[in-house]
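Data first, discussion second: the structure below is written as structure tokens.
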Amino acid sequence: MKRFRCEVGVPLAEQKELGHNRWHPDIPPLYEVGLGDEVILEAGGYDDYQLKDVDDDQDIRDFDLTRTHPMAGPIKVDGVKAGDLLVVDVLDIQPLSGIGYSNILPGMGGPLADRFPGGYKTVWDLHGTYATSRMIPGVEIPAISHPGVIGVAPSQQLLDQWNRREDPLIEQGLAGPRADARDTAVLRTLEGKEWERVAETAARTVPPRENGGNLDIKNLSRGSRVYFPAFVDGALFSTGDFHFAEGDGEITWNAIEMDGVGWYRFGVIKDGMAKYGIKTPMLRPSPIDPNFGTRYLSFTGLSATGEEQRYLDSTMAAVQAVEQCIEYLTKFGYTPEQAYTIISVAPCEMHIGGIVDIPNAAVTLKLPLDIFDQDILPK
Amino acid sequence: MKRFRCEVGVPLAEQKELGHNRWHPDIPPLYEVGLGDEVILEAGGYDDYQLKDVDDDQDIRDFDLTRTHPMAGPIKVDGVKAGDLLVVDVLDIQPLSGIGYSNILPGMGGPLADRFPGGYKTVWDLHGTYATSRMIPGVEIPAISHPGVIGVAPSQQLLDQWNRREDPLIEQGLAGPRADARDTAVLRTLEGKEWERVAETAARTVPPRENGGNLDIKNLSRGSRVYFPAFVDGALFSTGDFHFAEGDGEITWNAIEMDGVGWYRFGVIKDGMAKYGIKTPMLRPSPIDPNFGTRYLSFTGLSATGEEQRYLDSTMAAVQAVEQCIEYLTKFGYTPEQAYTIISVAPCEMHIGGIVDIPNAAVTLKLPLDIFDQDILPK
Amino acid sequence: MKRFRCEVGVPLAEQKELGHNRWHPDIPPLYEVGLGDEVILEAGGYDDYQLKDVDDDQDIRDFDLTRTHPMAGPIKVDGVKAGDLLVVDVLDIQPLSGIGYSNILPGMGGPLADRFPGGYKTVWDLHGTYATSRMIPGVEIPAISHPGVIGVAPSQQLLDQWNRREDPLIEQGLAGPRADARDTAVLRTLEGKEWERVAETAARTVPPRENGGNLDIKNLSRGSRVYFPAFVDGALFSTGDFHFAEGDGEITWNAIEMDGVGWYRFGVIKDGMAKYGIKTPMLRPSPIDPNFGTRYLSFTGLSATGEEQRYLDSTMAAVQAVEQCIEYLTKFGYTPEQAYTIISVAPCEMHIGGIVDIPNAAVTLKLPLDIFDQDILPK
Amino acid sequence: MKRFRCEVGVPLAEQKELGHNRWHPDIPPLYEVGLGDEVILEAGGYDDYQLKDVDDDQDIRDFDLTRTHPMAGPIKVDGVKAGDLLVVDVLDIQPLSGIGYSNILPGMGGPLADRFPGGYKTVWDLHGTYATSRMIPGVEIPAISHPGVIGVAPSQQLLDQWNRREDPLIEQGLAGPRADARDTAVLRTLEGKEWERVAETAARTVPPRENGGNLDIKNLSRGSRVYFPAFVDGALFSTGDFHFAEGDGEITWNAIEMDGVGWYRFGVIKDGMAKYGIKTPMLRPSPIDPNFGTRYLSFTGLSATGEEQRYLDSTMAAVQAVEQCIEYLTKFGYTPEQAYTIISVAPCEMHIGGIVDIPNAAVTLKLPLDIFDQDILPK
């Protein structure tokens, strides 16, 4: 089995087996495999080893967002043509160094970032199937490990479309910068003019797109299968941003982030994009996801609260459910920072309840009860 | 056990044991119970018996939306004061007549209503734990029965707030009319001046609000428990709009709608609103919800597609996932109307994947495989 | 939909729509259905209305075992021939009177009967999805309702085989009497000579056999499907002995026993016995069984304890696990009688751990934690 | 984290960090830990590296049973006294070499060994969460990894009792030899007279006993917790015989056997044996066991078949269910050897249905459907 190593603690730009941190069809493949082949890929965490296992949180204040996400790949899959579906079996996801981080980054901490201007850092010890943190005692998070980033290369045409539609938001500060972030682009072995040409238009990895990418889907966990539309021949598969666990919504913008090891197997469905009408990734969940049965407490959020009213805004409803849950958890001794973090990293479910009962959208946030060492049911 | 009957086929306004179809604190209680007591409440479906078990779909074109939702209640619970939490155990939900309806109402059919201007009607036979429809052969939907509407009375102050914040949307046509719908208001036994006074400001039942109401949460099913903030003494509990089954999002605005029987038990958590910081309903799921294990296919939607781009719009992402799923199902012989209906009524899950990866929100729609009598996995 | 009624409180022998309580191929059908047809069948509990909803337990001391089990049927299914598989969908199981009983019958109370010579009676109130009992406060059992008895008629040849192999055990008192129990045989409308001829060799209903019968499988619950070998043309389906809930093993010989209503649909697999090699019933579980996730405590039992040692005796191992669980529950305030009853009626799982590690068999008994209103985990 | 290594391919007797393969209180501890501490323990498979990853099956014919099971340990836990409960968290179980074996050993292949006199060998490739075998194409087994052997040392008194009760069976050949197997006893660092003294009475590891040991419980998987009665001070914990996956019953006497790595954490419940009446291990299942939902096919077995009849013999009933399942699977192209192996290694459930319906015990065998790449439901 071919395995590509990541040296723990070393930034992507200095790794021997170079990966990349931008999307572009012209990034040279790391490796070429055939149908049915497997490969094991290691990668640093989303932070590119900027975070340190110390209580001091200077690292989250100095954080350079443009270095996210170091990806392993691209893997070129022989036998896959543009228009096919690339079938990827996520055979395993494991921690590499055994340390995890979840942060409320100052100014980049999700919808409630304003409530936590100083940010908040959490370090997790990964003990096999469970994570614990000295910053959040009394909580034990079971693994639902998955790659936050998993995707294929866009075609040039698709890349151009991304840039066209995102540029206006970049200008308004509603999406991460591309040109201003060029210096930290790592594009495998590209250098000089080729590096410049590709870096110019290569897409940042933060938003998920038609190629997958930063999907942040907790159920894309070890044992699941993903069907990707292939936009270029060979598909050019890449992965990284491993998560030990995450809640639906990844509300603080951080899961339990870790450097990790992914084990993948590749297959194809010929002409699958047209045959099945697939334009975005489709997936089958794993049989070994955590099963909490009935042991959840669900909070509801609406797109209206107090005097505020929006029209079918599910994002607002989700945030309201999160606010309700934070308030609840503070009654059991957790600080708002801890509560917000728990909601982001525990295998919470965030279900869209209704987006048709005008004018209010409703979202339910299901919090698993058994991650706590105290009983948090109301009495 | 006290049981309140609903005569099958008879509109709310003509029922002997009158309920109501608007929210207001001054609607006289139907019945008074103590803590620990149980009551069985029957109610007509959301359509107030406008729909008929015939293939002709004139009924969905003539549909009077202002007659929704006929509710049984209010039940006044002795021992509950404003500020407490009313604890409601949903002991059972069963069909009454055994017929279910799911419609794409012309012009009121959810986010894709424009694609189906003529609407689409589906009649379901409810055979115990499964529903089948002559309009959608080859599909069998397992029961996850629940009350679409379940809630408590608002205080006058809360009701005023609702009206203040919704009035601007009503004027824009983004929320259902209140004044223009006054004629069909049924307010239990109120008559004359009292009826006029209450009908004037009583809230429509369509949107879910802080009191619960039209929550449309599929997992609020038989065996679950709900904690409601009590806004008035006695809480004044009402319920109706029974669903045999529903998917997260209830995307066509219709579940498998049925007249039904709800069995409820009441308890209290004194001063629970302050003690636990509860402002919206909180719930514990049932141990007997359908468990499909790993047997789902998940579709992903983003708040960007083609040249269109929005900022963290989860509602758009959800709709994109629905569009992707409809396109997929048409490859297996279902019409778009059938596919859209299946997604709305089967126990699909719609998870918020990420609402922090600017600028794209992501939503996954999990479709259960085992409701189909054919294998719909890609080959 | 054809529905056959059972009058509550009336013994089988006096019911208007007569059923039967013995197995024999010559019992005249109650009704004839075609493939795809459904039928609703009511039946009294296994006790044939000998038990009373009073605290006094004279009824369990006077209990006439020969009156078990009153069955509804037989239903003759047109289109099913001997050698086919009869496919039965258990569309629903509901209580009839709403009262349940679970007893430790004196002398007939399972492997630990000797510990409870006086027996023990429990009456349950069935509140929709939950059962509670004034005899066992603090416990709430979720429904996993199923027919304890469900089966098809044996052929004459199979019936003869049963009698041949069971007669020696009857003589030793290791199986219930047949000839001595003849007087209480109810064989539908048979009378006189025909009744005598059939009653002579008709099989008692207590043991499960190749035709199904008293299978007592808790997961044969509402929503499941059973494939029965058909031994005679028309299959001759019968059912009864409804259980609200039961644990694997039904260790006291009683589930939460109830009179009930079963809703069944019939199909066929032609020549299925030979095609699939089926000689005993095969089944598919329901998607709506209780799901307790991880919330169990498992007790282990072996075929050895103290100085006693048996060779791979799973029954002894199961009983040891039950003894261990009873002892544990007494530490939380339950009497041994209550504990033994809980294990028999709650949806416990009893798994065969190993029957190959000579000389010890091992069995694990999984007790669901969430049926208790106290935390029974060790601290 | 302290980690004890096992050199791949090297028999226990030649390993540097010596373990043991017999139970005795006087085997010197490998390591001493405190409460809350964790340790990682590697061990060879049950075969002590006798099996080879080749198609030739000479290895299973030459198999020396007396070398089972190589165990890592004992770990002495400070703070645990005899009479306490030792709490062990199974934090992780992973493969070591990545190869698994499942055998029908000639003459030691479970209850149906006679049907397969030549035995049958299967080699499995462990790809992260799934195992596949070139000997059984079309089957993929999801991981439910666990230690087959996990236990604590017996006290001298308990050990004496074991020997007293097992000696008569050893003489009849119904349990493995002790004295005749003395030569292969490995007892950590003991030598000379001490080795002789301890080897004389040390117990074989094959049967599970009050101390746990060869429990072969598939749900004692990564993420579970076990409560062991401590019979000696320090408890003296040992483990080995790792299984990638197993079915209830481990019917061929083999799971997917592997060398592996176990990660354990230790705690205590003081005086727990008396406080909770615990005499055998008790366990809490893992939240991340495979969840197949409803996707099983269940076979039933009875303690009667044809002309054969036994009294409440659950072991016979289990074997009958296995026979029925083998016959069924052969209709789908599997050989009896393959079928028997699948039942033993896939996460099948084997439930005791009833052991009170005299004279017939009933057992159901639940076979997961989704391990097959073909649809094995009857049509």
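Before moving on, here are some points about what is shown:
To keep things simple, chains are lettered A, B, C and D as they appear, and every chain counts its residues starting from 1.
Rule of thumb we're sticking to: contacts are C-beta pairs under 8 Å (C-beta built on N, C-alpha and C of every residue); 3 or more make two chains touch, one makes a residue touch a chain.
Please read all numbers here as calculations on a predicted model, not as lab measurements.
By number of C-beta pairs in contact, C-D leads over the other of C-D and A-D. One of C-D, A-C or B-D repeats the interface of A-B: more than half of the contact pairs, counted by residue number, are shared by C-D. Computed centre separation for the pair chain A/chain C is 50 angstrom, with centres defined by C-alpha atoms. For this pair, chain A with chain D, the centres built from the Cα atoms lie 38 Å apart. We define each chain's centre as the mean of its Cα atoms; on that basis chain C and chain D are separated by 32 Å. For chain C, residues touching at least two other chains, in rising order: 286-287, 289, 291-294, 370. Looking at the complex, you find that chain B touches chain C at residues 38, 89, 91-92, 127-130, 142-144, 222-223, 263, 265, 286-292, 370.
The touching residues of chain B, counted against chain A in their complex, run 85, 110-111, 161, 164-166, 168-169, 174-176, 206-210, 214-217, 219, 227, 248-253, 269, 272, 275-287, 289, 293-294, 296-302, 304-309, 311-315, 318-320, 324, 327-328, 330-331, 349-364, 366, 377-379. If you check the complex, the residues on chain C that touch chain A are 291-295, 370, 375.
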